[in-house]
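After this come two complexes, each holding chain A, first together with chain B and then together with chain C.
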Partner chain A sequence: MSEPILKVEDLRTYFYSYAKEAFIRSVDGVSFSIKKGEVLGIVGESGCGKSITAQSVMGLVTDGPGIISGSILLTYNGKTINLLEGLSDYVSVKTRRKAILEIAKDVTGWLKRSEILMRGVRGKVISMIFQNPKSALNPFIPVGEQIAESIMLHSGISAKKEAIGAAAKWLERVQIDSPSMRLYDYPFGLSGGMCQRVMIAMALSAEPALLIADEPTTGLDVTIQTKIIELLKQLKEELNLTILLITHDMSVIMQLADRIAVMYGGRIVEYGLKREIMDSDSFIRHPYTIALLNSLPTVEEIKMKERLRAIKGDVPDTIILYRGCRFYERCDLKNERVKKRCKESEPEMIEIGTGHYMRCWLAEE
Partner chain B sequence: MDLIASPKSLISSPIFNYMKFIAIKRELGLDRGIAVQYLSWLNNLIHGNFGSSFRTGRPVFSELIKVGVNTLILTIGSLIVTLLIAVPIAIVSSLRRRPFLSWGLTLFAYVLSALPVFWLGYLAIYIFTKKFNLFPFLSAGAVSGSKLNWLYFLLPIIVLGIGNGSISEIIRHLRAQLERVLSEDYIKAAKAKGASIWRHSFKEGILIPVTTMVAAKTPFILGGAVVVEQVFNWPGMGRLAWQAALDRDYPVIMGITIFAAIVVHLGRLSQTIVFAFVNPQISEKGEDA
Partner chain C sequence: MRHRLAPAITVYIMSDTILDVVNLKKYFYHSTGLFSSLKKEKSVIPAVDDVSFYLKEKETLGLVGESGCGKTTVGKLILRLIEPTDGKIVFNGMDMRNLRKSELRKVRSQMQMIFQDLDAALNPRMKVKDILKEAITVYEDLDYYTVNKRITELMNQVNLKKSKLGNYPDELSGGEKRRVGIARVLAVKPRLIIADEPTSALDVSIQAQVINLLRDLQEELGLSYLFISHDLRLVELISDKVAVMYMGRIVEMGLSDRIAHKPMHPYTNVLWSSLTEGGEKTISRGLSWQVFDFGQSVTGCRFHPRCEVFKARGNPKECTDPQNEPKLTETGTSHYVACHFPLL
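Coming up: the complex of A and B.
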């Protein structure tokens, strides 16, 4: 395959908490890349930093005190740009007592430049669909007009009538019945599933190089979820879409993703092709991935009315600095041999197969 | 039954003529019971007749229309001044980009709103007529021919716009609403598709709160107009009301009250119309907006 469209290296997004006077390390050194026509699924529990990763890529987390660092390399039309260019370490934190850490002096200037840069990227090169589609559409504007706006902004069509016509075509593409009538509906008049279809139409109407789907099925009925996944799958085939899929739902990942990044506590703990991670039992997997997979009940288990196997404990507090493995407390597989090591030092990403990486001491053995 | 301060005290004062007094009282209809007087006034009102002024004898309605236009110019003008000050400050401080600038501006605006309008008015007159000698102390329009006529015309509008006390409340309300709207999911989504967040937040974040506040503040601005018209000798409804109150000119006072009530409710009506126009889901969301 070709060069990656998006290459994220060592991305860190920290938020500063005035109450605790410490950083919340939402995303803590994440690296991944997406090639053209590929679906990369980022999976993990709530609060593990998936959405913040996506929003960092979109440049949507520039508000508030904190740090963003690393590099986000975007390749478009043969050119590669770093979306975090000029930002070696961006800190804009001031506490009440003393000004700390103003490493990058020209924060405001950088934000301005970034905003100008991102304006050319958002919607046109990377577009995004959100969870809870009903609240992500503007309730005061008819859906057709919202799609048309996106088309007029990015596709070089300036006549509104023409754009509305194009919007109708897109509504048809996302399989909405009688699209020419739905154009004039407001979001409150549409069901959640319809709203998500509208969101998808809006995101794809500018024909972006990359689509970020941030929990596209959350907040929808289960039957609608299946249909939305089915739709995304079809559109991916038709338009050769490149998708960064973010979800906590293993079944969504199984159906859509080509490659998977499992995130835990702000870090990627396992990264590789889907077939290597999911489809075969013989390969080694990260204990967290195993726990996630185990938490999905099989048909037999549902028939037997067995209890669901939830992962014990909670997601780790990302304020605390960990010396050891972040999954240590909840890990089922830690044995006496590696226990000390797990507790005292954090494992690096280790390649255990072609393109299959894992952050676990067990893998080293 | 007589009213406590009945016009008879005015009419009758220096040379008391009982027969003339009775005749005038009968002519004005003041010898009837107060309930009858009220009902007859109501009846006239329904037929579009506001009665005649005790003082001038002219019909109240035409009198009101004449001065009402002036008051309308004053109140609408000062409303625009208020919004011109309040809206930019609210927008700047809702962005939270420049805390010191927004604190400074907000403090400035709060101090402005706390100034009493009569004091501000006299201060303005003092500065412009005494200190700079820009124009004589006359009523608006009276110094025609002077180059600074427009300034004397604008001065009361600006004074009422600053001193009506609603700047701070408009800032607070608008900032709170704008902050809420700017953190909505759909604004983030609009940003993600590369659209302008202001285009998307305008209706819910600016138009609705501003209309709400304008409708709510109309009575206060009318109240402030009474003072400002008095101070600047502005030939408007407020000055007429003041004059009528001194003269015990009841038909005029009642006419002005009704007029003011109508204006206030027109403000409310325009708010409802804007809501219905802005919000397609008015029946469900309009109430709390």
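Coming up: the complex of A and C.
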């Protein structure tokens, strides 16, 4: 129960902007681990690198340079493999005083190598619910067949008829109406929320050990959303399913997550148990986490139709190399004592309680 | 044949009505088996089934309902992206179904849709900059300088970094695509925006900025919105009126705070009561729900298999009478409900 199924260390996934002749540091030194049977929720601003982190784990980043360093350790069936094994043979990074001058990577070579490492892992051990289900499904194949194919690929079932039957069961479990008819629908004939549920069914039908769910419930109304969350909870109980959950919906986090990682500008800035991070009584939290939770509108504000509160300032540009804290410009909580440090050097991850980490100079005090 | 929803609605239609939807219908035909297209075995999905409403200038109508109930289809029908089975759509005094191509083009400059599907309106082979440029210049001839100024303004409005202008849609995060989609619609300067889940994929802070922006633009330019969303709290906040759909029909429509706090239709009640004080969703309610089956025909009120009032009243036969499907009727000032036993 307690050994990690996935351990990501110092993952860096970069892109290159030809227009700016600079690197986009989408994921910039991310580390976390998930224990078996646990749900880790990742929250954070749009564009902060959540999906790219997930795609890096799945080996799905194809644009260059892509993953440039780190390790992704996956443990299943008693053995541990590094999904980034041998990466350093394909990448060389030239730096000067911490700043990256040049990255040379054999992208196609690495992707070939990565495919070999991912074989037998993708789909079977780790499966993923993509953020945009309509584009993730094949538009030319009926959805039932798509699910059946995935079932045949990943489980013992080899008879098509049986697989179609199993697919119908999964459609029912994700609350699709008249599943026996929907099996034959193409994605264009389904509503946004239905495509999303088909995507969920497909990911779950492979019975993975680890599910990566990128915004699994956005297109769903409250009643169906509730049932999907119940289903995930049930699978977690029954099959010890581990989930990496990415979402903007705090109520989904509250219901499902055991631990939370808060990301900002390509980095994890806070990491810990859900109750410590979400509990408003807990007295040290990262200023970004506080600002994020503060921008949730209250019932009263909705009723009075007030103007909504947003975090002031601009989202960080991951092209720029920040010397200090990436949240500096927007941070309301930096005080006179730490201000100078905030501006000049970036804080490290500091443990502020058991298993509760934070990247902020205030934590040192 | 032309039916009016309720006499009162006709009375309310005044010159500042920008959109009038009357008895709109769209039926889809789905095969019921792999080879059924040969056997002509099809089942019918009444995705939009006799929907009527109107929208005034500077007004927002929220449209909510279960996933798959027909919301997006309503939006696409209004824009004439798909052809209705029956019914009428009048935009700004023009009957949308009788428009010629050139007229339709003109109308589309005044009416735009933010698509639920993040990729729908973004050409994968165009950079963000060109997507916006095309939208700005499609109905207007502008010089280089003005176009660039407008692009900068739009990027600021949706809080996108200018460094993203050179990205292709594939190189954007979900929320960045969403914001380009919104900027593209605003670029056209429409009078009516059909916003289908415009805040999905956005974090709460950027969501707040987008909602504030939409409200500001409405105030400044008198825009009208059809606001489709699963986020009931945002719907309550931004809408003047709210229409609740269930399986292709509007079952309740009224002022937004009435719908949110004094609902009359049992379905509306289930929807909103699933939001508790802290904004957290409770589980108890939705759980007793069964998967709906289009294959099984429902007689009378479509909601009766799931209706608590129906159960509590001991299965009254009005609710299952095929001749007596409840019609949307006015029960209070601008409040309409389709139920034989509305909650009071």
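Simple rule for what comes next: the second predicted complex is superposed on the first by the 310 of 365 C-alpha atoms of A that agree within 3 Å, B and C clash if a C-alpha of one lies under 4 Å from a C-alpha of the other, contacts with A are read in each partner's own complex, and residues count from 1 in each chain.
Please note the rule applied: a contact is a pair of C-beta atoms (placed from the backbone, for glycine too) under 8 Å apart; a residue touches a chain by one contact, two chains touch by 3 or more.
Fair warning: this is a prediction, and the values are worked out from it, not measured in the lab.
Participant: Using the superposition on chain A, tell me whether chain B and chain C clash or fit.
Facilitator: On the superposed model, which is not a single observed complex, chain B and chain C fit side by side.
Participant: Considering only touches as defined above, state whether A:F140 meets chain B (first), chain C (second), both or neither.
Facilitator: So A:F140 only meets chain B here.
Participant: After superposing on the shared chain, does chain C or chain B touch more chain A residues?
Facilitator: Of the two chains, more chain A residues are contacted by C.
Participant: Check the residue A:L153 against both partner chains and state whether it touches chain B (first), chain C (second), both, or neither.
Facilitator: first
Participant: Have a look at where A:M254 lands relative to chain B and chain C in the superposition and call it first, second, both or neither.
Facilitator: second
Participant: Touch test for A:N132: chain B only (first), chain C only (second), both, or neither?
Facilitator: Both partners.
Participant: Once the structures are superposed on A, label A:G123 by its partner contacts, choosing first (chain B), second (chain C), both or neither.
Facilitator: The first partner, chain B, only.
Participant: After superposition on the shared chain, which partner residues are touched by A:R267: those of chain B (first), chain C (second), both, or neither?
Facilitator: So A:R267 meets neither chain B nor chain C here.
Participant: In the combined three-chain superposition, what is the angle centred on chain A between chain B and chain C, taking C-alpha centres, to the nearest 10 degrees?
Facilitator: 70
Participant: Applying the document's definition of touch, where does A:R359 land relative to chain B and chain C: first, second, both, or neither?
Facilitator: neither
Participant: Just chain B (first), just chain C (second), both, or neither: which does A:F15 touch?
Facilitator: Second partner only.
Participant: Check the superposed model and tell me the shortest C-alpha distance between chain B and chain C, rounded to whole Å.
Facilitator: 6
Participant: From the superposed pair, tell me which chain A residues show up as contacts to chain B and also as contacts to chain C.
Facilitator: Residues 63, 132, 135 of chain A touch both chain B and chain C.
Participant: Within the complex, which stretch of chain A touches chain B?
Facilitator: 58, 60, 63, 119, 121-124, 127-128, 130, 132, 135-141, 149-150, 153-154, 186, 188, 199, 202-203, 206
Participant: Taking the complex as given, what residues does chain B use to touch chain A?
Facilitator: Against chain A, chain B makes touches at 96, 184-186, 188-195, 200, 203-204, 278-281, 284-285.
Participant: Quick check on the complex: what are the chain A residues that touch chain C?
Facilitator: Result: residues 15, 17-20, 43-47, 50-52, 63, 131-132, 134-135, 142, 172, 175-181, 184-185, 189-194, 196-197, 214-215, 218-227, 229-230, 248, 250-251, 254-255, 291-292, 295-297, 299, 301-303, 305, 307-311, 314-315, 317, 319 of chain A touch chain C.
Participant: Where on chain C does chain A make contact in their complex?
Facilitator: 28, 30-34, 36, 43, 64-68, 71-72, 116-120, 159, 161, 163, 165-166, 170-171, 173-179, 196-197, 200-209, 211-212, 215, 230, 232-233, 236-237, 257, 270-271, 274-275, 277, 279-283, 285-287, 289, 291-295
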